[in-house]
Each structure stands twice: as C-alpha cells, then as structure tokens.
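First up is the structure itself, then whatever we jot down about it.
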Amino acid sequence: MALCFAHYLGVSPLVDAAVRVSDDLLKKYEKVSNATVLGELGRRGYQKVFMYGVKSLAPGRRLVGRAVTLRYLPSRPDLQERITRGGHGEGFNETPRWDALEALTPGDVLVADCMGMSMTSTGGDVVFSRILSQGAAGLVTDGGVRDGHKVAKYGYPVYGGGSTPTVGEPNVLPYEVNEPIQCGTVLVWPGDVILGDEDGIVVLPSQLAEEIYDECVHHDEVEAAILWHTQKEGISPKFFYPFNEETEKIYKAWKQEHGK
Amino acid sequence: MALCFAHYLGVSPLVDAAVRVSDDLLKKYEKVSNATVLGELGRRGYQKVFMYGVKSLAPGRRLVGRAVTLRYLPSRPDLQERITRGGHGEGFNETPRWDALEALTPGDVLVADCMGMSMTSTGGDVVFSRILSQGAAGLVTDGGVRDGHKVAKYGYPVYGGGSTPTVGEPNVLPYEVNEPIQCGTVLVWPGDVILGDEDGIVVLPSQLAEEIYDECVHHDEVEAAILWHTQKEGISPKFFYPFNEETEKIYKAWKQEHGK
Amino acid sequence: MALCFAHYLGVSPLVDAAVRVSDDLLKKYEKVSNATVLGELGRRGYQKVFMYGVKSLAPGRRLVGRAVTLRYLPSRPDLQERITRGGHGEGFNETPRWDALEALTPGDVLVADCMGMSMTSTGGDVVFSRILSQGAAGLVTDGGVRDGHKVAKYGYPVYGGGSTPTVGEPNVLPYEVNEPIQCGTVLVWPGDVILGDEDGIVVLPSQLAEEIYDECVHHDEVEAAILWHTQKEGISPKFFYPFNEETEKIYKAWKQEHGK
Amino acid sequence: MALCFAHYLGVSPLVDAAVRVSDDLLKKYEKVSNATVLGELGRRGYQKVFMYGVKSLAPGRRLVGRAVTLRYLPSRPDLQERITRGGHGEGFNETPRWDALEALTPGDVLVADCMGMSMTSTGGDVVFSRILSQGAAGLVTDGGVRDGHKVAKYGYPVYGGGSTPTVGEPNVLPYEVNEPIQCGTVLVWPGDVILGDEDGIVVLPSQLAEEIYDECVHHDEVEAAILWHTQKEGISPKFFYPFNEETEKIYKAWKQEHGK
Amino acid sequence: MALCFAHYLGVSPLVDAAVRVSDDLLKKYEKVSNATVLGELGRRGYQKVFMYGVKSLAPGRRLVGRAVTLRYLPSRPDLQERITRGGHGEGFNETPRWDALEALTPGDVLVADCMGMSMTSTGGDVVFSRILSQGAAGLVTDGGVRDGHKVAKYGYPVYGGGSTPTVGEPNVLPYEVNEPIQCGTVLVWPGDVILGDEDGIVVLPSQLAEEIYDECVHHDEVEAAILWHTQKEGISPKFFYPFNEETEKIYKAWKQEHGK
Amino acid sequence: MALCFAHYLGVSPLVDAAVRVSDDLLKKYEKVSNATVLGELGRRGYQKVFMYGVKSLAPGRRLVGRAVTLRYLPSRPDLQERITRGGHGEGFNETPRWDALEALTPGDVLVADCMGMSMTSTGGDVVFSRILSQGAAGLVTDGGVRDGHKVAKYGYPVYGGGSTPTVGEPNVLPYEVNEPIQCGTVLVWPGDVILGDEDGIVVLPSQLAEEIYDECVHHDEVEAAILWHTQKEGISPKFFYPFNEETEKIYKAWKQEHGK
C-alpha cells in the first residue's frame, strides 16, 4: 500500500490551485487589522474564516504566513503501522509530521488540524524547533502544543488550543500533508494566508489576498480618521457610518494632517 | 410602530426607581474588596450578584460605576428594519447602541446583555471610543468585544466574554436602553453599582450601596488585622473566626499600629 | 414606579406590528415540513430561526401556534418586590407569568425566554394547566419545565430545555409579556408562528407566513415526487437537484398518480 | 485542477489495504455484544474504538456493516466551486456525497466525518433515501441528520450526532470518499466493521474481524453461563472473575443445559 | 497497610448516625411527588438535593430506597494494587464494588460516586445482576453503566450519567463503601432516601424522611384540589397561591368529592 | 458519632504506605521538565497523571512538593452540623480545612479535591495565608480560590480551577484530610509529589520519585543535546529519534561542550 502525500509528486495540484502569495504582499498585511480583513471577506460571502478555540500562546506576536497543512487522525495501532509502511521509516516519530516540517520555507506557517482536541499534543519543543531552523513564519493548531511555554520562547508566533505536557501519540497521529483541512472549525486550503493577532486567527483565501488589500488599507485609514476626528471633537462616531460624504471630508483632513 | 426606549421620555421610571449613587460614594468603593461586598450582599439574601463568564480584558484596572444598560437580541432581517423605522435612521449602524453611548455620563458604565454569546461582537474600537470621549467609567458585556485588544488600550476598564475580530450584526442587534437586563447570568438594574476587579464583576444594587458601605470597610479592616497578627505570630487565623473577643482585641491593636 | 406591559394598553404596538396569522393558515401549516419552512426562510435571508437546546418533552406532538412571549430575568430580592409593587399583587406567585397565561387564546403558544437556563423551572404542572383550560396551542421555553413529565400528559405539545423538579423562583423571575425575546438563541416577535416537530422549533415571522406557504407546499410535493420516483426506479435522487426539467416531469407524473 | 477521489481509480489502494469482511461474518456479528468486541479489542491495544457523541436515531436497530467513508470540510464559497470543477457537475448538490452513495453495496454503511458538528446537517430524507434503494446497511455520522425522524423510518439503522431541520451547505461540504476519517473522535478506515447498538457505535478494524470472532462468542457464552448460574443460586458473580476453574465448570453445565 | 471500609467494622458509625428509614415509610413515599419533596426540603434550607446529569436509563420506573454508597477514584496502577492488598483478593475485579453489592438488602439502592464521568463504566450487566439477586431497590450513579440497555431490562430502576460499552477499570476504580459521597453534584450520606422519577433523582436526608412526610402528602393533595377545581371551572390557579382561605375551601370540597 | 481523620491517629496508615520523598530529592526535581516526568510515568503504565482544568494562578512559579490532601463534599445543613460535632468546634469555619493547614510542613503542598467545581471557593486570602506562615510549598485545587489574585501575591505557587470572589460554604464543605482524592480528574495519594509549571500539574507517585529521577535527567539532557546540535547545523531533529547511535554521539559532544 502506498499512501500518497501531495508534495511527494514534486508539484501538488492543490498547492498549484492556490495562488502563491508573494513575500512582499505578506509583509504588507502585517499592518492590516484582522477585523478589517474579516469584514471585507464577509462582504464577499466568506463568513466562516475566524478560528474558534485557537489562541495566542506567545501573546503580542503578529503572524502572517502561507499555510502548509498537516492533518492528524485519531490514533490506532494499525494506523501507526500503515504510516510507517507508507515510507516514513520505523518508530513512533516516523510520521508525515517530519515531511510537513521539511516542506516549510520562509513565509510559511505550519497549520495542523488536530480535530479540535485542544489538550492533545501535536508536537513539542524539540519537534517544533525545526520551524525555527527553517526560518518559517510560525505555528497554528487547534490541538495542544507540548511544552507550549518553551515553544513560545523560540521567537516565532505560536497559536494553539492549549499548552500541555502530555504525549500526543496515544491519542493522535499525523496523517497527511498539504491537503485541505479544518482547523478551529474553519477551512484551510494549502497556501491560504494565515493572519494572527491577540484575538486569534483569520484565514484569508490565497486568491483573494491581492484583490482585497487596497480596500483593507482604505478601510483602516478611514476608521483611523473617524477615531482621530471624533476624539478631537468629542462627538459620536455615529455620523460617519455608513461611510458618507461627511466621512469622506474628515478622511481627507486626516490624510492631509498625517501626510498621506 | 414606535419602539419606546425609556430614556426618550426624558426621565426613565426605571432609573428613577433606582437610587442615584453619588460620585463620592463610587470613589470610596474603589478601595473595598469585591469579595467583601459579595459577602455582605449574601448575608442580605442577594446570592446571585457575581457575573459568570465575564472577565477583565484589560487586567489590573479596577472598575466602579453606575450601570447604563443595553439589551441585544438575536439578529433577524425584520428586526433590523424595525429598529431603523423605530427612529434610529438608516443603515446597519443605526441602532439603540448609539443612544446608550450618548446616555453615558462620567461615573457611568455601559453594561450590555449579549445573551451570553461570548464570541459575538457587541461593538469594536471605533464604536466604543465614544465611552472614552464621554469620560465614562468603562464597559461590561457577556458578549464579545471586537478588537478587544485595541479597546483595552483606551485606558478605561473593559470586561467581556471574549475578544473577537468578528462582526456582530449578522448575529445580534442592540434593541433597548436602560431596561433591566441579565448579564453574565445575573440581574442588572439601571443605576446598579458595577464593581470589577481581576476576578470579574460584582453587581451591587443601587439602593444598598450606602447601607452596606461601613460594614464592608469594617470587614476589610478586621481581616487585614487578622492577617497582620497571624503572620506576625506565625499562628492560624482560625481562632479569630467567626469574629469574637480575641478578634476585637487584635483589631484594636492593628488600628493603633496603623494609626486608624 | 410603574412597569408597563404591552398588553395592559389594550392594544400592543408590537403585536400590532405583527400580522395576525389566521387560524386557517395555522391549520394548513400542520402538514408542512419544518425543514422546508426553514429552507424557504433561509432563501430570504432568515438564517437564524431554529431554536438550539429546545426539545420536545411530549414526543410526537406537532405544534403550530402564534407566539405570546414571556421574558424571565435572573432572580433578586428587589426584583421580586418591584414586580409585586408593579401591580401583580403579593406573594411569590404574583408575577407577569399569570398575565401571560391570561393573554392566551386558542391558537396561541406561550414562548418563555429563560435565558437558556435549561434546568431552571419556568413553571410546573399546576401553573401550566392554565394553558389547557385556555385551549391554547402549547408551551415552548429554553428553560426547564417543572414536573415536565406531568405537563407532557396534558395533551398539548410541550418543548423545553429540560424537565426538572426544582423550584424556579430562587433562580429566575418572570418580568414582561409580549415584548420581543430570545428563545433558544433565536428571536421571537410576539405573533410569530411557532412550528414544532420531533427535531425542535422553527420560528416563522408572522409577516412571511402567507407569502411562503405555497412555495413550501410545492417544495414538499416535489420532494415527495422525487422520493416516489427514485425509490420506484432504484436510482439516485441526484439527477433531480437542483430542480430541473426532469424534476418537473416526474412531479407531473406524481401528481397524476396521486390525484393532485 | 483535478481532485482525486480514491474510488475513481477503480480500485482504491486504501480499500485494498483493508480486508474485505464477508457478508457471512457480518451476519454472525449481529449476535455478538458490542461491549465484548470492545473488550477484546482493548486487550490487543485498540483502546479508542467507541464513538463519542454518536447515538441511535432509530433506537432498537442493530447495525453491522462495512464502512464506506465520506469526509466533510467547513464550507467556503471557493471550496464549493472547486468541488464542482473537480468533476461533480454544477449546483449545490453536486458534491462527492452522491459518489459515496453510489459506492454503497449491500452490507456497506455510510460513515460521514462531520467534524463533530452534531447539529449541522450532513443530508436529509431525500438524499439518504439512496441508502435504502442501494440496499445498504445503514448510516453513521457525528454530524446531524436533516429530518432525522423521517430517515429513521426508512427501516435501516441511523446513528448521528443529532436530528435537525437546518440546511448543511452553508456550514459544511462533502469533500472526499473512502479515505480514512475520524468520526465521533475515533478512526474509521474504509472497510472497517461498524457495529451499532443502543449504546452507540464500536469500530472493529477489518483485519481483526475474523481473528477475534471466536473469542467474542466464547466470552459472551461464559458470561451468559455466569449470569444463569448466579441468578439461579442467588450468589455473587465475583467468584467467577477472572475466569477460573469454577467458571469453566458452570460454563460446561450451561452448555449442557442449553444444548450447545 | 490496611484500608478500612466502614462496613468491615460490623457497625458503621456513619450508617449509625443516619436514621434507618423503615420499609413502610419507603413504600409510602412511592406516591409522593419528587417536586413536592424538593419544595419541602428547600423550605428547611436543603437547597442542593437534586442530582445533575443523572437520568433514568429505564424510563417509567419509580425509585425509592436507602442509599448504600460506593466511591470511585481515578485509576492508577498502584491504586489497583493497594485495593487488592487491602484484602479484596487478586485480579481486576477484586475491588470494594463487590463489598458494596454484598451489603445491599431489600429496600437499599446502590449509589455510586463516579466523579461525574458520565461515559466511564461503573459496572455492567453481570456485575449489576447482583442487585437483582439481592432483591435491592435499584442503581444510581453519575458515571456510566456498561451495557446499560441490558441492565435496564432487569426490572429494577437504573439511573446513570449514560450507557456505554466501554470498560471502566482503565479509568476508574471502586475505592470505599458507605462513606459520604457526592453524586451528580449533591451530597449522599449512607442511609439517605433516594427518590427517582422521570425527571431524575432527589436525595432526602434520612433524618427528615419521617418529619416531612405528612406535609408532602398535604401539599400534593392541595395541588390536586387546585387542579381539579380550576380545570372544572376554567379559571386561573393564581387565586389559590400562596395557599389561602379560598384554597382551603376548594381543598375541603376536593376531599369530600374524593372520599378523603 | 466520631468522624475519623487519618492524621488524628498520629500516624496515618495511608501516609505510611507512601514513601516520604526527601527534601533533597524535591529540590532536584525543580530542574526536571514536567513533560519528561510524564513521559517516564507513561512508559510505566501511569497514563493519567496530568490534571485537567487546573491552571497556574501565579504564572511563572515552579511547584514541587509532597501532597497533603483535603477532600470537599457538596454542602448540606446536616453535613455542616456533623463536621462540627466531629470535633471541629462551632461555626462556619470550624471544618477539617484548618486541620489540613496545620498538618502542612515545609515541602508540603495542600491539594484540595473540590469535585471539579472550578468557580466554587475552597478558601481565600486569609485562610490560605496559613500556608505562608507554615512555610509550605504551595496550593493546588480543582475548585476556585477566593480572591485568587491576592493569594497569588503571597509568593508561593497557586494552581486552581479559577479565581472567584464567591463564598464557598453554601456550595461545598471540607470533609476529610490525608485520604486519597481525585483532583483535576487524576488520583492524588497523600505524599505524592506534585509538580507544577506553566502548563499545569503533574502527579508523581511517591514510590516512583527516586526510581525515575536519573532517567528524567538523562532524557532532558539528550533532548538539550539534540536541540543544540540541530539548531547549530540547521537540520531536522528527526534523525535522532528514537534515540540511536547518532543521538549518543551528539549527546557526548554536548556533554563535552557543556562540561558535564
């Protein structure tokens, strides 16, 4: 029997289907508000793009990166055996998890579907040190992170269902790489842009990243203008919603004032 | 159809029913322990005055203020329309939420009943910036706060079910102002004193604020005395409960020592 | 202080706002599938009209009726007092719950918002026997029903969060009648059509009841035709979705066969 | 882009990997107790083979069948489009769910991984009528079944997270067929034997079905003997655990008495 | 090391502390409503006597009996060993569970504290067949019952957190007999009267059983009178609460009518 | 009636059964990783030794200590009375909680089984100040800590289900000292070593503390070596799992480099 992992084929049709978001665009998204992205996606019918139950384990670290996906399945003795015979070598650690880690390049985020088992370990400090040496952007899972408080110190952003000292293998096993997954109850397609801030993770489909960027920046700026104006004048922001002529006026004033 | 919001009448019969707690008394409650208030209320039969599921989103900030209440209902297209025709103007943002914000004066807290939907947004950083420009005391909700990490930086205390980037309107709509509500499974009557510390929110009915104040201070002082004495002597505090003659003795000593 | 309950005014503006659905139309909805109603409402943007956590306590009884709403609040000694002074007389039982029960006419359903406290009693067998003597259509609540197994034997449909022997008053108190409420996380406007079957409760806004009826019947019939045809032929129903010319053909055959 | 579903290849390597359990053996398992199978599997290190949150929606119906698996993913507009372009035709209903239904043969069970979303519909009475016309053994999902009370009347066993009138497509979409899945937090490999009784679902890995059968029957018989003897004599069953010489003695007596 | 189980001493001081409720009184409680008992206990300050999460697994069977308690602890290899060395013999089954079963006499109920682990087995059909041969009154646990659907057929009432095919020993082990326990979040003292109906379990402290009986009967009768009168007359029951002169009048009429 | 608490006998047979772990060994465990201890225990069949729902209320403080156990039961008026008559004096505070606090010596941890009621107070800042004056190692409970934010400032590690201002006595009462308990769903035997870090609490059975120590240290060192080597070389850690000849080589290099 030969389990087939997309990336073994050299070119994954799924990753090909995804637009590869440029490092440049990723960098620009660092300044965009997650709430704004979520609003723009909502207007296009993308209503379920915020992960539930996935929180920052290294608070304060912004995450922007392309998803490399890893899917876990519930553990069973014969699954362990089949994964091994599938070409991953012998032993407990010989699973597609290592393949996912090797597939990471700078700008990539490992996104692991652990079926929402927030206290079950998807890996720990030694395993996930590979994210560091790969120079990848970070780690996201709806499962648990073993020794999460140590992983949090590696310097990259870590988002998970929880932090736990428990061993994962009796409960879950990594099964496949770069297939579409769920994580935190939302869809993640390989290559999607993963955006993390203190409120959690928003998933931006790769093919929309270019399209909505300008609107996001504009929205953030108009809201900055409303905030600036209404605090200065001590008045309610209500007059400027929905965006109208008055809003346009104060936006112009704000741009002038802030040299934009 | 005319929806009637109490505060439109100029004088709300419900707010009238409530005692208006003075700014002076509010200030004095800043030093009182929430646990002590809760104990005194319990002795008077007020057993359910601690909110469940409402936590500090800006840890370390003490909250003391008078409740201005806002009640949300689950969203529905016709509710949106009716609220608008109820005199709130056009558009998604034209709801009683703005009325509640305008009703705030210094010393007031906006308390929003979001039916315990902790991850549903009741508003975000622009909307709640109005609390700041009104000089009000803070924000409490059992719903979510959009961009809660930004609101937390405004400087006033924020307590909520959670922080979220999601948009509220598809899920909930603000419906009425200054009517009694539930929040975090407890009753909040307009004008009640809202007390927040790192463990959450205690609701002190306005008509009891004056009555129990002295007892609270006394209780806090006696416990300070027990702590001071037992730590100094390395003995168990058990001998001083329930408060007895020995307790009275060390309390006197403590007062002398601390110049009270 | 005078608490004002809409129905005291003789004519409630909210009930006026609602279309009064005729007994005749209610009767016709008894044959329509809840899933079909929900599908039609969804197509019109009414996405949140199925109650969560509200189940049939008298399985097998179809419910169709107009909502008379009752809103509970968390209990507090002063709320009890205020309700009483609000004109409801003395004693624990003197609350607006009796007003709601008196307001029921044949075809009406009592819908009680108990804030999702599924094991807290909203009333028991003696109180809810009034629904029986009023000839009303049934009872729906997201709270608990005291002695629910006895109420279930009265013959009318009962839907609740659960059945419990506990007393409600220390936990919740009835507060107002015929105002919009939440129940099971969805909006209920006074006069809405409440539809109950073995899967739970769907809320049909009163102003849409007439409008969608024919489509519902048509949808139910076409699906009956698909079922009849595909089972007869031993083929997949997939060819008939979305409804197309082939579907129309078998629908005509079904009508002929079934004399419609 | 070409999504590849195992069964399109004519022969699925995963199904090949599984032993095909004979109809004869399936039939014999109808008499074996689920608890006994679970005990035998536990002794071989298979600890996680009982589904959580999956209950009988048609109580009283024993289920024994070979798993045909179907995996759902959270809904997203582009996923809908990609599934369609993957060869499943146009329209909301054009998803791999139909492929899974066509793949069913007598003795097969459709097992759908709905990510534990127990109130989200995986399909309803028309869709799942195909199970009936295929003569398949039944339906298992950790999601919801639309109009579950109608599906329950088709005569085959139905196990699900719940029964709901809601529409599934806005929440979940079927994605692939006959790949390993999770269901109710346990692994299901295509071809595994699915055993359902009033307590829920046990998953028996296909390669163990032959191996453990005799032990299961023997265990069931010895326990029947213990029950028969101890009730007859009015004594404690404790003397016969763990199975010992005394147990063997009464087992022989039981066989004689019952003509085995 | 010697673990000491109260019943080894011949006379348990805890059981002695409890009043032994007579078989005659137990019999009389069969006709009393659980809700009424709960109301009377509440009036005496016993507020927490209804079990949460414990439901009837054999619906329709009234349970009245004296509690024999059994306490489980989370499993651990050394606990297994210590229980065995504590005098319970060798093997997995050699635990105090057998002692509890032997201690049962007619009129007794086995009440097992399984720490609220509703899907963890406390025992199955063979073990609990001992309750049958002892002629005891029934079984109550906040844990799971293995093969609960079989136990339900023994004819005695069974109440549990759930029914499961899983094996208990890897998760929990029986530890001690006839000590006070929690079950379903309430206290059970050995000898307490356990009352079960379709809504669940009420715990009546043994020392109050005699004292409140007459009041319970009187309350049930007065409510029967109110029901009889108000249904006959088609009026609201509200006039008869709280019990007053009018109530007394109709109660007398009811007694006359019903020959009491 | 005489309730008997083990420590009243001078020598508790249960504590005797436990090995008394030396202060010296406790000190050495401060440097060992909780995840490593958990791994070593798992290899010996101790699978359930990590507490669920118990988190650090004073983040950053390592906890190592010997368990002194305290068991709570749900509150009931007669339990309160019986505890008092059991020799604990008069009044609400006269319970075995004080006995447990007096039993603490340096190196001991108070571990309180509050039946997982995470928001119910087990005690507050005055009561738990006794831990400070006893010089004990800390506090662990699956219940709540009253004024937890104050207790957290005493300087010793505090782990609990939550922090709350509510009063515990109406909900739970302390019942017995130094008997085996559950806490956070795992067994705690008096004398067990309690290990706390930022991920929570691991329970190390006292009789294994000596036995596994060297292996733990060795494991921690080898993993430190793998981390050091792979980060230095920018390669995957996968080659060094399971530990093999290559691992041994880099371990030796690490020891040389770090002077061990």
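We just call them A, B, C, D, E and F in the order they show up, numbering each chain from 1.
Basically, contacts are C-beta pairs under 8 Å (C-beta built on N, C-alpha and C of every residue); 3 or more make two chains touch, one makes a residue touch a chain.
Not measured: the values here are computed from a predicted model.
Colleague: Could you run down the chains that neighbour chain C and chain E together?
Modeller: Chains in contact with chain C as well as chain E: D.
Colleague: If you take the chains that touch chain E and keep only those that also touch chain F, what is left?
Modeller: Common contact partners of chain E and chain F, which must touch each of the two, are absent.
Colleague: If I list every residue number at the interface of chain A and chain D, are over half of them used by both copies, so same, or under half, so different?
Modeller: Same: when the shared numbers are divided by all numbers used, the fraction is over half.
Colleague: From the centre of chain D, which other chain's Cα mean sits the farthest off?
Modeller: The chain lying farthest from chain D is B.
Colleague: Between chain A and chain F, what is the separation of their C-alpha centroids in Å?
Modeller: 35
Colleague: Centroid from C-alpha atoms only, then distance chain A to chain E, rounded to Å. What do you get?
Modeller: 51
Colleague: If you average the CA atoms of chain D and of chain F, how far apart do the two points sit, in angstrom?
Modeller: 41
Colleague: At which residue positions does chain D touch at least two other chains?
Modeller: In chain D, the residues touching two or more other chains are 47, 170.
Colleague: Please list, in label order, each pair of chains that touches.
Modeller: By the stated definition, chains touch in these pairs: A-B, A-D, A-F, B-C, B-F, C-D, C-E, D-E, E-F.
Colleague: Which residues of chain A touch chain F in the complex?
Modeller: 91-94, 98, 101-102, 119, 124-127, 129-130, 132-133, 146-149, 163-167, 170
Colleague: List the residues on chain E that touch chain F in their complex, please.
Modeller: 1-3, 13-14, 16-17, 44-49, 73-79, 82, 115-117, 170-171, 175, 180-182, 185-187, 189, 205, 207
Colleague: Quick check: in the complex, which residue numbers of chain E touch chain C?
Modeller: Touching chain C: residues 33-35, 37-39, 42, 47, 50, 52, 197-200, 202, 223, 226-227, 230-231, 234-238, 241-242 of chain E.
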